[in-house]
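Written below as structure tokens is the structure these notes are about.
We just call them A, B and C in the order they show up, numbering each chain from 1.
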Amino acid sequence: MSAPGHTGGTAPARAAPWNDPAIRAIAFQLLLLAAVLYVGWMLYDNTTTNLAKRNIASGFGFMEQPAGFQIVQSLIPFSSADSYGKAFLVGLLNTALISAIGIVLATLVGFVVGVARLSKNWIVARMATVYVETLRNIPLLLQIFFWYFAVLRTMPSPRLSISPVDGIFLNQRGLYLPAPVTEPGFWLIPLALALGIAGAVGVSIWARRRLMATGRRFRSGWTGLALIVGLPVVAAVAAGLPLHWQLPELHGFNFTGGIVLIPEFMAVLVALSLYTASFIAEIVRGGILAVSKGQTEAASALGLPHGLTLRLVVIPQALRVIIPPLTSQYLNLLKNSSLGAAVGYPELVAVFAGTVLNQTGQAIEVIALTMAVYLTLSLIISAGMNWYNARKALVER
Amino acid sequence: MSEPHVFTPTPPQPPPSSLVGPVAWIRQNLFNGWLNSLLTVVALYLLYLTVPPIIDWALLSATFSGTDRSACAGSDGACWTFIKVRWGQVLYGFYPEAERWRPNLVFFAGLAGLIGVVPKTRWRKWLAGFLLLPYPVAAFILLCGGVFGLPSVETARWGGLTVTLVVAVTGIVASFPIGVVLALGRRSNMPIVRSVCVVFIEVVRGVPLISVLFMSSVMLPLFLPEGVNFNKLLRALIGVTLFTAAYMAEVVRGGLQAIPKGQYEGAKALGLGYWQAMGFIILPQALKLVIPGIVNSFISLFKDTTLVAIIGIFDLLGIVQAASKDANWLGLETEGYAFAALMFWIFCFSMSRMSLRLERKLDTGHRR
Amino acid sequence: MKLTTRMLTAGAVLAFGAHAAAAATLDDVKAKGFVQCGVSQGLAGFGAPDDKGHYSGLDIDVCRAVAAAVFGDATKVKYTPLTAKERFTALQSGEIDVLSRNTTWTLNRDTAQGLNFAGVTYYDGQGFMVRKSLGVTSVKQLDGASICTETGTTTELNVADYFGTHNLKFNIVALGSNSEATAAYDSGRCDAYTTDASGLYSTRVKLANPDDHIILPEIVSKEPLGPAVRQGDSQWLNVVKWSLYAMIGAEEYGVTSANVDDMKANSKNPEVRRMLGVEGEFGAPMGLSNDWAYQIVKQVGNYGESFERNVGQGSPLKITRGQNAQWTDGGLLYSPPFR
């Protein structure tokens, strides 16, 4: 490694300029910079020349034009009269939705399977191993196709829906759930929930202070839970249950009303969660194994009960090992959600880099914007996890 | 003097029957405590629900004979006839039948070379050299044809496992040198070099492969001067290579960071320049450390090759999917996907085992 | 070794910063010895590979006609299968010389996307296919239905327009490719499948039981399908345009692949004599030999022959001529005069 600062003073006679590492480093970097700029300019020049010569429109003006198509799943109202810009937003929200739910599911399944792999129960441990080794060695796209094309085919038509409980229907068009409909007076419940959360936070701060001051423990967790659950329940009863459920009903071809989880969403979500969970399971297993046995033994020597040992000794240390690779799994999940495009789940790549690109033909703007979005989301997730990691990291004293 | 007393120990008693034997094993591993017993029962029930139907579908009731759909009529099991009939396409896509010896030759030569390189023989270095330089060139000529009297085969006709392997192997081999350069650049003292490398690596790692593939399939052609264009497979290869290079750079960086500072200083003390130090001292050690990481990158690349199906290249998954859309074989997606899954699984699982073995083997060499 | 040469060229061009000379497409095609034709990945009757990878179809015949006109040999074509998404870029970037892939001629594509359409091979319109068991006889009964389509096509827009104007609700499921959309429809994900009517016929014969499905009578849009070339090369545009018109004109004048030699020798019709190159010099201004149209009809056949062979009564699709009949028979096909 050349260190520019160290060379000049110690040499008895100055080396020739082409032999001086400092000068060479500068020259080399200038050359690289020039090359990068040159290639950049080349690409820009070629592209603009090509676009102009072939009379292809450019610029982001198209974002305000009406889209003219509809989108099967949208978190915000969207019609074909809305702009391409709004279609972009719909795709972005769908990506965020499936990534967020996928991350939660994958984490839950991954932790369960990871712990199961370490189970003393032979069958459970073996089953977890088979799960991990099977799912992580099969391409995700193949798994998505499987859930979409092969499993969907076995589902019944809407008229013959599977209905385990009244109001819940499963068929080829998706999973239909009752939708909550609010009535006047509903605002009390979120208010009570907010109060409950605030109260729980307050209690836990107070309990910690008291623990530090007097050494007496207070079960702040249960009190907090009671506040968070109890207050809204009390509020709901007081307001006369201002909520009813709108059941999906078979109407013509399809069910209407209620909430529908479309098959594309379900297939991508299931495949994405189960696939990522197989990697998370390995990370969790590795994290737990990384906590040395001495720690557990020391904890029991101190007289800590098993539950407290786990909570106060094993898990905090395991988390430190788990979090960095977990972050990259979350990032992978976000990026992999783009495979939804393959089965028509209307996420960002399908809607924007798919339909919008095709309708407008402006490949450069569309792809560049799509990539920028993923890059930003990735940076946000990794910043968030770095923050969490910094909090959990060992504070060396 | 009497005979010295010889201590004869009484033969050890066999352990109590509650501690050995299958019954004891079952008790200790499956039914120690009510929670474990419950788990075992639930697990056994789940296995009972899933395994027998799968075995029945895939093997017992499955159809293997015949050459068309009618062979499978009246059977509830899998219709493997479908795979059998399409076997040629699964391996080669639309590669002309008369020319299929060419991908075969490339594959087996590569495989033989890889196997031959593992044991420590005199020929090892020569073989490795052959695999690194003449082999890819020969493979390229052999697959494309058009010279030496070999009929030309357009890449649009390649498909199946051939394309999957071509993309994965080219991707990993071509991305390796780029990855090494990027990793060195990222650890360089020169600010501009470092920033260029960091920006490239982080941008590529922050976007999904599919957007890189879209870029190479619909944007790259517009970047190039008029009259210059690459064919679709080559463009996909460029995309895959750049994408993998960023990940490869991070793997190599891990290796570089694991080399103790003394090695760098030692190299400098010997008066070696930067490239000499890297080439003779640091990289040989670092690369050896990251071989398992490279194999892991290869596994994920191998799985990611399926994404080229989305931009219309018929890799293994693409060809299976296309085949299950054939009028005569509609409704056999499950068989197609199950088969493709099995093939991918065999490749990936054996490579991951190999990576584990390598890890253990290399680990012992470095334990201090 | 073409790849290597191309890579080297690209490298050289990048290195020296020169724009490669933009040769006229016709000279380019003549120099490389074949026409690179962008086609469908598989639409039976219009452009689809058989299980050996050989392409055939109405769109394919246009490619072959162009090759016959340029080289006098209809086999000098190479096909690049393209998805709907990449078809325009492939043409814009010069990867293909002509795009003949059931592509709808629209204002936006013809002006803002760098393409020029060379004519119409098939007058089409968007239709809907449903299962017979639904008992539906009109698109207007599809209120609330789920509809499968391929993304990146005009069909996605037309559905929204049509259902919007008729105040009907619908769920659109837009899949990545034609075959995926078909598979989703076939698996029951959708009540209806929509694409150009020609595509519906082509898809229906590929379903397990074609008779279980009907194509609804409403045609909700105009979909003139035709070959397209890059903007800014009028010579090549003319070659493609007139190759197509030669096929259409030949049918009008009763010239077929069977009687073309006889017609060339004996026809008294001056129009036929000019078309087949017996009178006048009509090939040269396009940069073609004088028997260009003769070669097309001889090797590919006239439009009617190609139609019957690929999508008409001689094929599993059994599409009737309808709008695609000659103007003399009440259809829309009309070739400008060969004069």
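Everything that follows uses one rule, which is that a contact is a pair of C-beta atoms (placed from the backbone, for glycine too) under 8 Å apart; a residue touches a chain by one contact, two chains touch by 3 or more.
In this text, all values refer to a predicted model and were calculated from it rather than measured experimentally.
The interface holding more C-beta pairs in contact, when A-C is weighed against A-B, is A-B.
Distance from subunit A peaks, on a Cα-centroid basis, for C. One finds 40 Å separating the Cα centroids of subunit B and subunit C. Averaged C-alpha coordinates put the centre of subunit A at 43 Å from the centre of subunit C. Here the CA centre of subunit A is 26 Å from the CA centre of subunit B. The residues of subunit C that reach two or more other chains are 19, 22, 85, 89, 92-93, 176, 183, listed in rising order.
Shared interface positions of subunit A, defined as residues touching 2 or more other chains, are 46, 49-51, 53, 56, 149, 153, 341-342, 357, 363. In subunit B, 214, 218-219, 222, 224-226, 310, 321, 331, 333 are the positions where the chain touches two or more neighbouring chains simultaneously. The residues of subunit C lying in touch with subunit B in their complex are 1-3, 6-7, 9-10, 13, 18-23, 28, 41-42, 49, 51-53, 78-83, 85-86, 89-90, 92-95, 176-177, 179, 182-183, 186, 205-208. Per the touch definition, subunit B reaches subunit A in the complex via residues 29-30, 32, 36, 39-40, 43-44, 46-47, 187-193, 196, 203, 205-211, 214-215, 218-219, 222-226, 264, 268, 274, 277, 299, 303-307, 309-310, 317, 321, 331, 333-334, 337, 340-341, 344-345, 348-349, 352. Contact residues on subunit A toward subunit B in their complex (touch as defined above): 1-4, 21, 25, 28-30, 32-33, 36, 43, 46-47, 49-51, 53, 56, 119-124, 127, 133-134, 137-143, 145-146, 149-150, 153, 331, 335-336, 338-339, 341-342, 349, 353, 357, 363-364, 367, 370-371, 374-375, 378-379. Here subunit C touches subunit A in the complex through residues 14, 17, 19, 22, 84-85, 88-89, 92-93, 108-109, 111-114, 134, 142-146, 151-153, 156-157, 159-161, 164, 170-176, 180, 183-184, 187-189, 191, 230-232, going by the rule given at the top. Interface residues of subunit B facing subunit C in the complex, by the touch rule stated above, are 89, 93-94, 96-97, 140-141, 144, 146-147, 152, 154-157, 214, 217-219, 221-222, 224-232, 234, 310-312, 321-322, 324-327, 330-331, 333.
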